[in-house]
Structures are given as C-alpha cells and as structure tokens.
Amino acid sequence: MLDQFLSTIADLAKASGVAGFFVDGGWKNIVMILISFLFMYLAIAKGFEPLLLLPISFGMLLTNLPGADMYHSEFWVYQTVGDNDHYIDYGNILQHGGLLDILYMGVKLQIYPPLIFLGIGAMTDFGPLIANPKSFLLGAAAQGGIFFTFLGAAVLGMSAAECGSIAIIGGADGPTSIYVSSKLLSNSDSIGVGTIALAAYTYMALVPIIQPPIMRALTTKKERSIVMGQLRPVSKTEKLIFPILVTVVIALMIPSAAPLVGMLMMGNLLKESGVCDRIAKTAQNELMNIITIFLGVTVGATTTAKTIMTLSFAKVIILGVIAFSIGTACGILLGKLMCVLTHGKVNPLIGSAGVSAVPMAARVSQKVGQEEVPTNYLLMHAMGPNVAGVIGSAVAAGVLLSIVAH
Amino acid sequence: MLDQFLSTIADLAKASGVAGFFVDGGWKNIVMILISFLFMYLAIAKGFEPLLLLPISFGMLLTNLPGADMYHSEFWVYQTVGDNDHYIDYGNILQHGGLLDILYMGVKLQIYPPLIFLGIGAMTDFGPLIANPKSFLLGAAAQGGIFFTFLGAAVLGMSAAECGSIAIIGGADGPTSIYVSSKLLSNSDSIGVGTIALAAYTYMALVPIIQPPIMRALTTKKERSIVMGQLRPVSKTEKLIFPILVTVVIALMIPSAAPLVGMLMMGNLLKESGVCDRIAKTAQNELMNIITIFLGVTVGATTTAKTIMTLSFAKVIILGVIAFSIGTACGILLGKLMCVLTHGKVNPLIGSAGVSAVPMAARVSQKVGQEEVPTNYLLMHAMGPNVAGVIGSAVAAGVLLSIVAH
Amino acid sequence: MLDQFLSTIADLAKASGVAGFFVDGGWKNIVMILISFLFMYLAIAKGFEPLLLLPISFGMLLTNLPGADMYHSEFWVYQTVGDNDHYIDYGNILQHGGLLDILYMGVKLQIYPPLIFLGIGAMTDFGPLIANPKSFLLGAAAQGGIFFTFLGAAVLGMSAAECGSIAIIGGADGPTSIYVSSKLLSNSDSIGVGTIALAAYTYMALVPIIQPPIMRALTTKKERSIVMGQLRPVSKTEKLIFPILVTVVIALMIPSAAPLVGMLMMGNLLKESGVCDRIAKTAQNELMNIITIFLGVTVGATTTAKTIMTLSFAKVIILGVIAFSIGTACGILLGKLMCVLTHGKVNPLIGSAGVSAVPMAARVSQKVGQEEVPTNYLLMHAMGPNVAGVIGSAVAAGVLLSIVAH
Amino acid sequence: MQDIAVQMLASKLSGHDYSGTDIASVVITGMSVVFIGLILLVLFVSIYGTAFKRKNEKKKAKLEAEKAAAKAQQQAAAPAQKAESKQSGPVIEDGIDDEIVAVIAAAVTAICAKNGKKPVIKSVRRSVAQRDPWAAAGLADNTRPF
Amino acid sequence: MQDIAVQMLASKLSGHDYSGTDIASVVITGMSVVFIGLILLVLFVSIYGTAFKRKNEKKKAKLEAEKAAAKAQQQAAAPAQKAESKQSGPVIEDGIDDEIVAVIAAAVTAICAKNGKKPVIKSVRRSVAQRDPWAAAGLADNTRPF
Amino acid sequence: MQDIAVQMLASKLSGHDYSGTDIASVVITGMSVVFIGLILLVLFVSIYGTAFKRKNEKKKAKLEAEKAAAKAQQQAAAPAQKAESKQSGPVIEDGIDDEIVAVIAAAVTAICAKNGKKPVIKSVRRSVAQRDPWAAAGLADNTRPF
C-alpha cells in the first residue's frame, strides 16, 4: 500500500513541469527564468522602462516554464509554398496556439507597433522640431549607429535578417525595433524578437549612463557651455501641416516606413486638430496601454531558452551597446559641425538626443549642458533632434526592411 | 565618378513612390491626395464631423500614396467556390495584407458598426420617443429618402449593390451606411465603402444647410409657429422595457437588422439598467473611440483613386444630396399630415429630424422653429423622431440587405 | 386587388421570424426568451451579478430570436481530420459567421477569461493571504465541491466533458467556469458554455442565501464566536514576490492552469510594482470592461433553445447548487479542523470563503460571525481563503482540463 | 416577415437584369416594411406607455403630497439651525453656514474670471470613498462579478 | 506532476466508457493535486513570510522611534507657528492655520449636507502638474518607454 | 526612391552570401537615403516655417499692441473694483477679492504640507456642464458623428 503510494508520487514528480528542467537543455530554462527575475528587478527597483520591461520579463518567465505551452516558437516558422511564397500558418495557430501565440499574432501581423506609434504621435509635440527644422539633420546623423552596427553584425558572421534586427537597436526606439525584427526574424534565426526588444529597452533605460561619457569625450568645455536662446513660438497651422507633410514626403521616399510614420503622424494630427480630443486621448491612453500589455508579454514570450542561450545573444548585447554609442557619437559630431557652421550658435550636446529614446536622451543633453552652465536650458532645443530621431529611426527601419527582404 | 553618382540618383528617383504618380493613371492619385486635404480642411477648420472625417481623410491620404501598400483593394474581391459560395480570402490577407487591410477586416466582418451602435445606444436617451411614440412614424417616413434614391440610382443604370449602397446614404447614419455598403460592395463595383462613408458624413455635416430651405418651402408660417407643450416624464421601468421590446419586434420582423438594432438596444439597456455603469461607460467611450479610429482610417483607405475617380462618384454625390432632401421632405410631409390629424398640435418641423443625423437634425428643427416663435422649444419633441430615425435607418438597412443579396 | 394584398400580407407573416416560433420545436425559443427576461429581471432588479448576467441574458435573447442569425451553434462543431486532430473551422466562421460568432472566437480561443483574470489580478490585494498563508488550505478544501460534483454528474450518466464543465461551477468563479467549459464542450454535448456560465453566476449571486444555513449547521455557537486578532502588515517586497512565486509553483505543477494563474499574477505584479500604474489601471478597467461585454453577450448566445431545453439543464441546476454546498461544507470542515489544531484561534466560518465568489463569500463569513459577536471583524481573515479560492479554482480547472481531454 | 415577398425581387436584383417594376416593388415593399415595423412599435410602446402613465400619475400625486409636508417641516426647522451655526462659527458639521459656500464659490469665480468666463456651481459630488480600514473589501467589490 | 497519473484516467474518460473506479480516481487525484499545490504555496509563502516578518519588525521599531522623536519636535514648534500665521492673516504657505482647513471642509459639508449624506475628508491629493513652461518634456515623459 | 539601388543588394543579402562591398553599400545607401529624406523635410519645413514666421510676427505685433492697451485700461479699473469687493464682503461674482483665493490656496497647502510637498495652483478648470434641462441634447451631442 505504502509502496504503491510512493511509486505514484514518484511518477507524478517525473511527469511534472519540474521534470522539464532535467531533460536535455532543460537547465537553460532555469537560467532564463533567473534572467527574467533580473529584468523584473531592474524594471521595478531600478525603474528600467518598467511599462515594457515588466510585461516582457513576465512573458519571459511564462514561456520558460516547461509544459505551460502558452507560446510555441515552432508555430512561427515560415512555410514555403511553391517557388517563393512563404507564410506563417495562422490556421494552425488558431487551432493549437496558446494564449500568447494568439496575442503574438498582433506583433507578427505588424499591428501593435504602428498602433503604439499612433498613441505616441498623439502625445508628441513637434513644436521644437518645427521651430528649428535643422534638428532633423541631427536626428538623421544619430541613425549612423544603425548602419554601422549592421556592418559590425555582418563582420561577426550573422545572417542579413539578424544584422538588420540587431542594427535597429541603435535606433533607440522600442516599437520600431519590434516592428523590424518581427518582420525579419523567424524561428530559424539564432535570435528572436524578444532578444532585440530586451536589448533595446535595456539600453534605452541606460541612456543616462551610456551617453554622458561619450558626449564629454567628443566635445570641448567651450562647446558644452554654449547657451542657446529661446525657440520661436509655432503656430497651430504649422503644427497641422507638419504631420501631413512628413507623411507625404517619407511615404513617397521610403514606402516601407509608411505604416510607422503614417500612424505616428495620424496620431499627431488627431491631437493637433483640437477637434478629435476624445479619440486622440483614447489613442494615447487606453488603446496604447492595452497594446503595451499585449506587446510586452508576447514579445517576452519569444525569449525561449533555445533562442536566448546562444552565442548570438552575447553578440546582441555587445553590438547593441556599440550601436547606441555610435549613434550618440554621430549625433554629437554633426552637432559639432553645425556649431562651426553657425559660428557657435548650436550647442553640440543636443546632437546626442537624435538617437530618440524620447525624452530621456533630451534630458541627458540638458543635464550635461547644465554641468557647465547651470542656467542653460537645452531641453527644448534637444527635443527637436529627439523627436526627429523617432522619425529618423522609422525611416531607417523602412530602409532596412527594403534591403533585407526575408 | 560624378557620372555614376548622377545615374544612381536618377535610378532612385525613377523607383520612388513619386514615380508612381507618373505611371498610367498615376495623376489620379494626386487628385485623390488633394481631395483628402480638402476633407481634412473641412473636418478641422469647418468642423465637418471631425471624429470620423479626419481619420477617413487620413486613410484616404495613406491609401493613395503610391507604394505605401498599407491597403490592397485587390485582396477584397469575392472569390467564387463551387456553385454559389463566394468568400473573401482572409488567409491571404493575414499573410500579405498591410496594416489597413488587417484593420479593415473589422469592417468587412461587420463588427465595427454594430459595436459603435452599442456605444451610441449607451449614450442615447429614448425618453422623448417613449413619451411620444408617434414619433416613430416620422422616423419611418424620413426613410423615404432611402428608397426613392434606390429608384434614382437604378434609373442611372447602377448595379443593385451600388443602388443599395447609395440609397442608404439617405439614412443619414454613418455606421449604418458603412454596414450596408461593406456588405454589398466588393472590389468589382465602381464605388467603394469609403465613397459612401465620405458622402454620408459630409452630408450629415451639411444638415444645417440642406434641411432649412426644404423645411421652409414645405410648411406654412402658421404651421412653423405651433408651440408644443412639455413631454410627460418617462419612468425607469418604461425605459428598461423599451430596448427589449424594440429588439424583439424588429429582429423578428427584419432579421437582417438584428445586429445593428440589437447592439443599439443592448447598449441602451446597459445604460438604463443603472447597475452596469462601468461597462456602459466603456462601451460609449473607450471602446467606441478605438473602433472609431479603426473604422475611420480603414474606410478612408478604401477610397483608392481607381474607386473614386469614376463617373459613379459624381452619381454618389448627386444622389446623396437628393436622398437627404427627399428624406427631409418625407418627414416634413408626414409631420404636416400629423398636424392636420391632431388639429394643429404637432409642429411639422419636427418631421425633418426623422432622418437621424442625431442630434444635428433635431437642432435644426429647434432653430427653424425659433425663427418664428423665439420661445418655442421643439428640441425635445424633435429628439423623438431623431432617435426613431436611427432605428428606422437600421430597419431600412435590414430590408436593403434582404433584397439585394450579393 | 384586395385579394392579392391580403395574400401578400399572409406570405409575409408566414416568412417572418415570428413564423420561426411555430416550426417544430419553435416554442422552445419562446421559453428561452422568457427565461432571458427572467435573468434580465434578476440582474437589474435583484442585483444578481449584473455586469455579466445582463450581457449574458441579452445574448440569450438575441440568439433565440428566430432568423436573427447572429450566432450559429452549428459552426462550433469540432471537425475531425485524419486520426486524432480535431478543430474548429475558423475560416468558415470568418466567411459566414454572424457578429456573435466572430466575437465568440475570443471565448473559444481561450483569450477572454485569462484577460479578465489579468484585470482581477490588478485589483486584488493578496495581503491577507500572505499574512496568513494557511488560508491556502481553506482555498484548497473548498474545491472539494468541484470534484464531488464531478462524481455526481458521472453518476447521472453525463459525458466526461459535461461532468468537468458542471463540476467547475463549484469553483464559484465565472471566468474559470467559462474557460473550462468552452475548452471541453462542443456542439455535440447536451449542454453549452452559456448554461454553465448562467448557473455559475446565478449561484455566485445566491451565495448569501446558500451559504449561511450550511455554515450554521456545521459549526457550534462557540466556534462561531471565536474572535480573531489583527493580521500582520505585509511589506511591499513580499507582495512583489508572491505573484512570481505562485506563477512558478502552479505553472510547474499544473501546466494547464498556467494561462489563468499566470495572467492573474501578472496583473497583480503590474499593480504591486507601483511603476506600471497606467497599464495596471487599463487592465482592470477598460480592457476588462470591453472583454466583459464581449464575453457576456457571446456566452449568452450559446444558450440556444436546443442546448438549454434538455434534461441536462435540470441536472446542471441541481448539480450546481450541490457543488456550491459541498464546497462550502468542505471549507467549513477544514476550518473546524484548523480550529482544533490551533486550539481555537481560527474561526471556522472563514472556511466557507474558500469557494471564491470574491468578495461576497468573505462578507458572508463576516456577517454570520457578527451574528454571534457583533464586534468580531472576520472580513480580512476571510479574504485570505477567498482569494486563495480563486487560485484553487484555477488549479482545479487545470487538473480537470488535464484529465478530461476532449 | 419580408422574406418571401422580397425573395423574388432578390433573385432578379442580384444580377443587373431588373426591370422598372422590380425597382418600384423595392420602393413599395421597403417603405411598407419599415412603416409596418415602426407602426408595431408605436402600438406596443403606446400600450405599455399608457399603463405606466396612469401608474406614474398616482405615484406622483402621492409623492408631491409628501414633499409639501416635508417642505413645511423643513422651513420651520431651518431658521433655528442657521442661528445655531452662526453662533458657533464655522465647524465641520452638516448645518454649516451657507455663507462659507459663498466664499468658496467666490474664490473659484475670482480665479476663473481671469479666463473671462463666468462659472456656475453645477454640482457638488461626494468624493468616492477610497481605501478605508477595510479597504481590500471595497476594492475587491469590483471583482465581485468574476 | 499530475500528468502520468492522470493519463490513464484521461484515456478512459475521453470516451463515455469510464467505470466507477475511474471517477473515484478523478476525485482523489484531483483533490490531492490541488492540496499538494496549495500546500507547497503555504510552505514557500510561510518561509519567506517569516523572513520578512522579522525584517519588518526591526524596521518598524526603528521607524517608530524616529516618529516619536519627530512628533515631540513638531509639537514644540507648532504653537509658535500657529501664532505667527494668525497674526499675518491667511497666506499661501506651508504652516497655514488648520482652522482654514476646517472652513473649507465645513463649506464642502454645507453643500453636501443637502444630499443628506455626511462626507468625510478621505484624502487630499496633490494635483498633477500640467503644462508648465517645459511642458513638452513633461508630456513626452509618457512616451519614455516606447 | 531607394528601390532600384537596393534591389541588387537585396537579392544578395537575402541569402547568406553577401560580400564586404555589399555591406559597405548598405551602410552608404542607408545613411544616404535617411539623410536625403530628412534633408527634404528640413527644406519643406523651413520653407513653410519662414512663411508662417513672418505672418505670425505681424499678428503678434498687432496682438501685443492690443494687449498693452487692454492692460492699461485694466490697471485703471482694478483698484476701484477691489475696494468695492472689500466693502461688500465676499460675494459670488467675477470681481471677487484675490485674498479669498489666497485663503483657499492656503488651506489646500496646509493639508498638502503633511506630505511634505509644496503644491502650486496650476490651473483652474471650468467644470463640464452636466445634464441641464435640455440634457438629452447635450448628451446626444456625443453621438453627432455617427
């Protein structure tokens, strides 16, 4: 009797999710779970972009608990049909997918990031950029990080899809990174969307630590002390024309950037119109919050042990910080050039804000500037390159998607 | 060296979206983009139903930028299988659709309009209609615009699906128009859902201009001067029974109207119950706002140059205004009849409110009435026919859908 | 002439939805509609869980109006392909489904209940449970109702799927009941998801009537008079660790419970983190409200006359109340045992709160306790077993889903 | 109700080959069905409306009598209350002097006046109770239906 | 953990052909698994709970000592402050007389009293800052995580 | 604009077989396209910005002149108004004494001070009108666009 009971208990233990840790490679899940705890800690205690890192890290936990079956990376392989058509088998996902598979469809169908951009557009003030359109150039320069990292990733022997996905981290823009990587990466790649998102959000949280040393190294004390005057006020009509203009120009030039830029600008137009308050507010609050939850937890779910615990992960970590650093440097260097060309009217510190990471990067510019001249308010001047960086990253994303056809 | 650079630039220019304007029929896109600007202007500066016309016009812009590929009208052709089954290939749309294709599924699956009706129901007070149920007749008469326009469209040689879609504009009800036209129209028709929606919302915004001359022409000064007394108060129980009763009666008589009327009445019951405030409020705010954005931008996206720049568009414009005018006239004429039958107790001006266009049409009744007797408050009396018109249009929509099987 | 008119009217009447009442079994629809009115009355006038019973009963009305075709139970039959793969034909549903079919996909894809759990997690305070973890045992004991009812249903000759679905009613947890029954039941069973949901919510509303007699019968006056001291305060860190711990332990042990427990705990972590307020609030308000509407009306739609008007319905009603009663009794009995073991420090009345039905069951404990000692505040002590009951039901749901493979 | 009548139409209208008679039928059938439907609603709503109107009128009469009585009582009590509160100065209690309300309203007006708009006190709502000693229960209240 | 044990049951229960023993097994296995699961939670939560309880108690003792000290200090300072604010009349500063608060509360009470409900000040929240000179930055703050 | 130039790259990069030159091209093409795109935006925004700047400056000059005039007028009127309101005591009207505002603010400050934070009045909003006699119309207003 006791014998039988004990054997049943033994059977039970053998079949549990716990047993999943002891199968081949099962220890990797434990490591991943510990990493998810680390990110939860960083999000909660250290304030690392908690709105996304917390859902991402919880998704990471759920996906690495053996047997929970809430996400299946094997469902997200591209099937090849005939000569050159490849597709995801959504029918199969509807039949057999877990909760996080179903919700992940919104990422793979490229819906969530543009809708988050809609919300961001509805809460962004492009006034500083309109007042000083030259900021666009700084927003362009800071995308240098993306393309030089592409080169670096290629040198490290990664596939084109991987190169593009890692490079976009340098755009310092979460939804854009997810948009590009979810389009490029499939189950057969050595990295996943979650890896890219984790790196992007982590480095965005680390902007105040990564950027200042680079900024100080590349500028002279004199340059950092340049005081910039007040920006001209921008009329409502200018603010109304801006989103329409940007949509037309960018969508015509880089059609692949149209969904991101188009939604960003539509959100902004809804806000600036002043007659669509009720929908602009929903776009920037409830709609964005709902999608943030779905996006975070499902993107986190893609970080299965198999995907993360590879050499590629280390490459992502290293290339990611390089991408951020080069982006910062490019922005600063163009800032220096503009300083020279304007005979010292532009403080090069606002250049680093071009990486996006709104509004953290602009605040870093402000803070480093104040170290020299405490009364110098660079923030508004840095907001120009900062929001230009968002547009710039979206444009760079379009270029990457055009080049790296999957 | 310079040669090569210049030739590259030339190549780039040739391949851009801009080039799309110079291919065969590409100029039509430019015209469409200009039209979208016009509608943006009308929405923002003139206050033309901005909550929907602004998203619609932005969708119109996005869809007509060559190369952006956010919406593909060719995906929305009905496929024929076997003898009489026809269907939309949703699998293909999931695989290859752009953002606006995916979101447009909510229109084609007939989800968005009923959900907007849910929200409208949750914010509508049927009290004035319950207090004076004869208002229903005015709401019925004003649907005359729908059916006479059907006749007009048929005379102009349009297909049955087109006739039904144009006719429903006379219902002066946005979601109903979109519901009917998205069911009836397919890629093979000469007009699209967007065309119908644009016309419907534009004419709804123009109600204060279209209706008054017709109202004045058909009524005598004496009729317009009739003062109507206060409506009796309506008890909570009556308000609770009303939505249930209407659902049962209408769904039994015109089953095709059940989704619209059912959701409208469910929203109203949630509100009137007083015990479901939290969901009634979400239905009328966040849910409706989210769907308004999706509905607007995707319906706008159906207005591709190919669809709009046809002779049919002109027909829609002309028939639309005729539909509104006939609807107004029918309402007024029945109002006159009721005036006679009640020995002058009913002011015929409240008849025009039967076209729906809530609450604009009711306000027009109020305003035209006040021109004669400044102290005459017709508003509440006009709200009865006004909300009856919403039900009436939904019923008429059901009838059209029954008759015009696609 | 008159002849023809009358014959047309006769034809019309014959073809209407009304005629659907007179076909074979059509009278059942009338009965169902009357039952839906009864539930509307209970929800509105008697306050029976109105947030869900009102949408459910409206869905019940819509689905039983002949001809409305908003929901098709025949679409939800499992198709068998090859040897052991069975699936729902979602393609067909997208092509031919009505509004409520489309929305019901969220139930069948098992999305709505976990998302509602996300919201519940974001509004639940696990403090009382953490302060007194022994409450977990009471939450476990009260699940006895589930398993003994399984036995009872089997004795009455129901299929395994039906047994599991009826048993879970004893969990006194709406979304859990819907989650389990929507997974287990298909069109070929004699009961539907809606039947289960109706019973679950009705009995939850009846908790204050069902529980007290059982509580009084099983306890002595002396036991009911036990005064319990204040609970220790719980630190923020403990509250942060709790959801993570529960997720890991439960998901490893009962993987099938992972979606419910995981989402519940993710919601709680978002709330307790204090850094994700904006998404935690959306999860517990707008997101939950939207899903509540969709869940309610579609679950109601599954109560077609064919499904409800069977002998099985009577069995559900009887077994449901037995399940609740046994659950209550089991909780109380373990409470008595704990009372003995702690030498009278635990008032057994808090045991009945283990059935979940948050927070009604906890209030019943409080109320019955106060009948003896008016100054005795058992509420916080009962909240421990109460929220433990939610976790316990989710675990029991996982066990049922593992055992009863469909 | 409209099904059979329209089916013949439908079969013809689906293609492009419909005659003038068909179209006339659409107009007539359509308007008839809409009118029949809404006339039915008129009838039903009128019937139950009449029933309720009578019931309400009785209730109303009763209520008004009660109100009048209450008002008379209140008017008698009010002066005493006012005097009392004036003597004791402003304290946190129900019978507080209305002048204090005037002060508050005046202050708000003073601020708002800068925007050039004259505000009116539309309503004063009781604040929603938040986290009282038994907060968890109140909070959990929202979870009841799930 | 329950997988193997239940697989045998499962295979039998999927069809309709299950015996009384099978059903008994469901009940026993089911209750056991639920109890094992929640007992594990009891253990884990108790363990870390004990650890934290100790830690909290230390912290609490420390905090209370600090509070007591602070209170003593405050009580000494208060009268002086009160006197000052009374002399200078009500001004916008931290040390404002509590009587003013009473006035406000009284006024609110006066208004609310009309609804026949006695309100209590539950909490006073700082208003959320809106559009200060560097408004865009504050606004953009919301966009940080994206 | 970038399509043809990148198509050659694309065909090579899709597989794993890309050369160093390909990668260099990606970097150069990529940066060029981004810069060309944003330079175009600089141009367009600058052009229409200049136009509006001029227009705005004219408007602003006009506005400021008006403001100055208004201010002068206001300053003359203010003392009289203040005196009047002091004499008549606090009443509900536009010209209410600013001291009352100070009292309110002070009271709020007194309460908030307990949290150790010094609040500032950021804005005073007019309350949204709710359910006036013609409430249904106001409510229905929200339904306008549908």
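All chains are identified by letter, namely A, B, C, D, E and F, in their written order; residue positions are counted from 1 within each chain.
In this text, a residue touches a chain if its C-beta (ideal position, glycine included) is under 8 Å from a C-beta of that chain, and two chains touch if they have at least 3 such contacts.
Worth saying up front: this structure is predicted, and the values here are computed from it rather than measured.
Residue numbering shows that chain B and chain C use the same positions for less than half of their mutual interface.
At the far end from chain A, in terms of centres built from Cα atoms, lies D.
Chain F has its Cα centroid 26 Å from the Cα centroid of chain A.
Computed centre separation for the pair chain B/chain E is 47 angstrom, with centres defined by C-alpha atoms.
Shared contact sites, meaning residues of chain F that touch two or more other chains, fall at 1-3, 103-104, 142. Residues of chain A in contact with at least two other chains: 16-18, 50-51, 91, 252-253, 278, 286, 292. Residue ranges of chain E in contact with chain C, taken from their complex: 1-3, 6, 9-10, 13-16, 18, 23-24, 26-27, 29-31, 33-42, 44-46, 48-49, 52-53, 55-56, 142.
Taken in their complex, chain A has these residues touching chain B: 87-88, 90-91, 109-111, 114, 118, 240, 244, 247-248, 251-253, 255, 258-259, 262-263, 266, 269-270, 273-276, 278-279, 281-283, 286-287.
Residues of chain B that touch chain D in their complex: 129-131, 133-134, 136-137, 139-141, 143-144, 146-148, 150-151, 154-155, 159-160, 232-235, 237-238, 241-242, 245-246, 249-250, 252-254, 278, 388, 391-392, 395-396, 399-400, 402-406. On the chain A side of its complex with chain C, the touching residues are 16-18, 33, 37, 40, 43-44, 47, 50-51, 54-55, 58, 61-62, 65-70, 91, 94-95, 97-99, 102-103, 285-286, 289-290, 292-293, 297.
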